[in-house]
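Okay, so chain A shows up in both of these, paired with chain B first and chain C after.
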Partner chain A sequence: MSKGTGGTLSVMWQGITRSPSGFTGMCLVAAILIFVFGGRFLVDHHNPTDADAIWKPMSGAHWLGTNFEGKDTFTKLVLGGAEPIWVGALAAVVTVIIAVVLGALAGYLRGRFDDLVLQLTDITMTMPFITVLIIIASYFREISPWMVGLIIGLLTWPFLTRSIRAQVLSLKEREFIEAAQLQNLGTMRIVFVDILPNMAGYIFINFIIAVTNAIYAIVGLYLLGLLPSTAENWGLMIQQAWQNSAYLLPRALPFLLAPLAMIALFQVGLVLMTRSLEQALNPRLRDR
Partner chain B sequence: MSDQALSPTAKAPPPSPPPRPPGSGSLIGRVWRAYAFRRFRRAVLVVFIVTNAGFFLMRAMPGDPVDVLAGQISQRGVSPVEARALAIQSLAFDPDAPIWKQWWEYFSGLATGDMGTSVTQVGVPVSDVILKVLPWTLFSVGAGVTIAITLGLLLGMLMAYRRNSRVDHALSLIASVMGAIPNYLIAIALVTLGSTVFGVIDFLKMRGRYSQGVEIGFNLEFIGDALYHGILPIATYTLATVGTWMLVMKAATTEVLGDDYVTVARARGLTDKRIALTYVGRNAVLPLVPQVAIALATVIGGAILVEQVLAYEGLGLLTLESVNNRDYFVLQGVLVIGTSVVVFTNWIADLVYGRLDPRVRVSDVEVTS
Partner chain C sequence: MPEPRIPAPRRPEAGTTLLELTGVEQTFHTKRGDVPAVAGVDLTVRAGKVLCLVGESGCGKTTTARAAAGLTRPTAGTVRFRGSDVSTLDAKGRQEFREAVQYIHQDPYASLNPVRTVYSTVTAGLRRHGHVRDRAEARRKAAELLERVDLTPAESYLDKYPHQLSGGQRQRVAIARALAMDSEVLIADESTSMLDVSIRVSLLNTLGRLRDQLNVGFLFITHDLAVAKYFAWDGDIAVMYLGRIVEQGPTPQIINDPQHPYTKALISAVCEPDPRLARAKKAVRLRGSEIPSLTELPNGCTFHPRCPLFEADTCDSAAPPLSLLDGGTRLLACHVVARDHEQAGVG
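Take a look at the complex of A and B:
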């Protein structure tokens, strides 16, 4: 089993580093992570409101100008990335855990449990995701971004659950699983130790996809003005810029376009990574 | 893909002949009917459960329509207590009734097609409120998705035919990038780049559904104006979805191109155009049919954000407004309609697809029974 996952890891690594677009994606993601999590230690967190410096253009003192309150845009850009990325990661962890546990057990056990899981995925998939998220977000007025991440995770697991279930259905017919069953190794051990590691790469790809979906949702909630406006967050910057019609003012553009570009580039980087990972893990695609 | 090996003939062109009509008393006919009906029952159950979830979730939200209405009324200089009484009077339902009674009233109404009346636009039936905005969302999303699918299918086939060429690599990269950027950011970027940076569009004129003073009706002025205002949302939906379709179609075409009957068709000396259209194209598009229905529903769900950015008053903005005003009935109506559309388009797509490709139907019966 350890050999299996080690093999997957090296295949994945090669897939990313050998494909130019996958490598670009990885560099983009790494650069943004360093910018966000390294930059925190280099900028002055105290970013005062300055009524005399509203919407200042780019300059040596303010690399990206200032915003509608006279705050330094570059500082806000550095500090605003951590939250969406953490929330995205949290939501993805929740989604993947639920999907892996439910999907694997449903596919392996079949019967009543399987029916129940399928019914649950049907219902959850059908609920209009953004609408339900909006209702919940306005339900808790002072909802914390962490809660939002948790809720996003609780609403987005069905797709992955289905495909993991389908894969377990076919994996459990293989000989090595039959061998494990004959040894009476126990359901939990067979599912989580013998079956799931075979899907490690696939699960990892879906983790990344889940991160992009969660970032889409949390930035969207900020854009709709449904989350508390106290935090430093790229989504909030875009919302404030849009509300203040910053797009009409050329010198205010950095406050709108800089966070927009960061989110877009991060998403693009993640998606490029998944595409080349998919190719590396799927021989059918690789040979073509 | 494993079933492909089982029935290699099923994929041969022309796509398998349509099965016998369901009315015929054959065994297949009866199974087909049972299958369709089983899926239908399940669809109704799902809609019922989601509607219930919505019903209780909304009533659990802090603040209710009475608060919102009373707030509006007390701004006219009425004392809060009186405002509250007035608000309750103007409502078509009794907000203080026990919840089971409200539940029964709502669901018995729903069973006869009555979705109640709006709270914010006092007395207006929910169906009217929704019908006023729905065409706009359907128009913008529908046009955007249609353009995206057409473009995506053509470019995807091109990519598959020119696999590993420079065109393929460039288009694949563009497709991945377009598919990765959130649709609302595309809308913002379009507006900002188009208006302020390049100065080719005037967003202040283009925002909204149509210009003020233009009469809604079947006349050239209105249609032209609606199309003009539709440019930005349609372009946004197109750009946001075209990448995915390109990649999906590329994968599907690549799959088909490797099949034996394509090789045979080539050996028979058929023209490339004929092979591309009737042999490759048809068989590559077929498995994508159910995805179109799902895609449409997803895009309509994401329309909330795009409509908010572009101030395009469609279903999405109505949803947002109803949440803010605690307009239970409109929101319920949006949920019921939204869920039904998703569930029943899936149901129809399933059945249509089952008719087009009999393998699906047979395998489903095997799995579920």
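Take a look at the complex of A and C:
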């Protein structure tokens, strides 16, 4: 049964590798992260405009051809990944922290604090977040992607808050929570050390879902041309490809399809990965 | 262990009154009316002694136990710990009460946090309240506690999760947790009913050692008279019916010579494994088997619709007081038996 005390990591590893699709997802995510964050150090950041090399097809010099300005598409692909991933992570961190703290405390404490949180979730939920985001982005033309991530995080927490609150409502009635109260462990310790780890898998999965949603949102804003067009970003590449009708020109297709594929693969990888995470984080599923 | 053992904390002397319930009432307000789950209960838990609370399901045993443990606030009456009212304690007094009075749940599958290891569960209180200096000391203390409840070798249990343990082992972990802060009173709510018989006896023996060696006072809730007899032979039994105590006294008296018709019925319902004895035993026949609803309690003595000794006008007019029988050690709440004894004493 038990694999000894030293093997917690190896037991986690077993949980991660048990589900083939989950493991595939994890490899996919890892590969893209290495491509994006490792690749930065390998490509030439100086990617000059070259009027003689516009829309070049794939070749040894330009692995994915060149774009409408004659810039190397592969270099842009490598450099364009960091921003959406960071923004996605930032938005997810903000969302999950707000949701976990408010949801768990509201569910555990009930009373006036709970009422207040519920009101706040209701109000925030009625705001159409994409519309609000578009209005903000078009009003402040020079808004930074970080700001966008923060706004996404500040607008998307209510759903997770609600479901965490609901789960805490049921978990706090369990006897082991009463046992913790009998030890006078204190509200904070009971909520964050005894209750929340029981839903670690759920919170983690929602974190990943929040990352994917935020990536879609930021890419969408770039696609609509609402964010400054100076950055390196997969979303911006798609928008520029679209604006310059790259889809009409077969040899220009990589400039449109490569960032699309990266976004799609990264999202698929994240979603598949959640399956393994669940197993790795739940001690009961872990070593069966 | 080479290191000298930390001197044991002061333990209360056997017989000291630790927990005192006076006139405890607990009424639940529901849509179908008020439910008086507990209607005026007086109990005293003493160090090194066992007080066993027996009765059918739904008679208010658990509600009483939860009020005694401070898990719920009774609607009337007081729970006193070492003389001070538990509901008016300040933070420091509350902490002392919480360390001294612990409650063991019925279901060891629900009372342990599935994501915490045994070590973490057992030492949570110690670490939170600064009773241990570092992790090494906490582990040593945890191992000591596990040995005290016969989980040996303790080291091999420290890093296990609840799902890796059997029911009996889990219940021992729950008891070790309850003992961690040198508790003086253990309130055990059907704590052995989920375990099979051989494990039950060994667990009762473990609890018995705690009682005798550490002077732990027990409020032991059970519906199983055999368990009550085994564990509380030197203590008292209180028999509860519909939120009231109907008979209370030293265990040998209650088991061997029950006086209240309800106690008699309970004892006659215990299965006798020896067929000859079983045939010789005459079952007490009740007039009805249905337990009245708590929302529509019968007038007078609440047991009268089922009672074989029922006498019209006596039993259904006034509730019998719980008073000493024959000036002895036994408390009884029955008009008929009390009157008969009085007459026998006079005549």
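As a working rule, the second predicted complex is superposed on the first by the 258 of 288 C-alpha atoms of A that agree within 3 Å, B and C clash if a C-alpha of one lies under 4 Å from a C-alpha of the other, contacts with A are read in each partner's own complex, and residues count from 1 in each chain.
In the analysis below, a contact is a pair of C-beta atoms (placed from the backbone, for glycine too) under 8 Å apart; a residue touches a chain by one contact, two chains touch by 3 or more.
None of these values were measured; they are calculated from a predicted model.
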Chain B versus chain C as contact partner of A:Leu270, first or second or both or neither
first
Go through the superposed model and pick first if A:Ile134 touches only chain B, second if only chain C, both, or neither.
first
Quick one: is A:Ser21 in contact with chain B, with chain C, with both, or with neither? Answer first, second, both or neither.
first
Check whether A:Gly220 is in contact with chain B, with chain C, with both or with neither, and answer first, second, both or neither.
first
Answer with first, second, both or neither: which of chain B and chain C does A:Arg112 touch in the superposed model?
neither
Under the stated touch criterion, name the partner, chain B or chain C, that contacts more residues in chain A.
B
Tell me the contact category for A:Thr126 with respect to chain B and chain C: first, second, both or neither.
first
Can you list the chain A residues touching chain C in their complex?
1-2, 5, 174-186, 189, 194, 197-198, 200, 282-284
Which positions of chain C touch chain A when the two form their complex?
69, 71, 94-95, 98-99, 102-103, 105, 107, 110-116, 124-125, 128-129, 159-161, 163-164, 174, 177-178, 180-181
State the interface residues of chain B toward chain A in the complex, per the touch definition above.
2, 42, 46-47, 49-50, 53-54, 57-58, 60-62, 163-164, 172-173, 176-177, 179-182, 184-185, 188-189, 191-192, 195-197, 203, 251, 254, 301-302, 304-305, 308-309, 319-320, 323-324, 331, 334-335, 338-339, 342-343
Chain B-touching residues of chain A, taken from the complex the two chains share
21, 122-123, 126-132, 134-136, 138-139, 141, 170, 212, 215-216, 219-220, 223-224, 238, 242, 247-250, 253, 256-257, 260, 263-264, 267-268, 270-272, 275, 285, 288
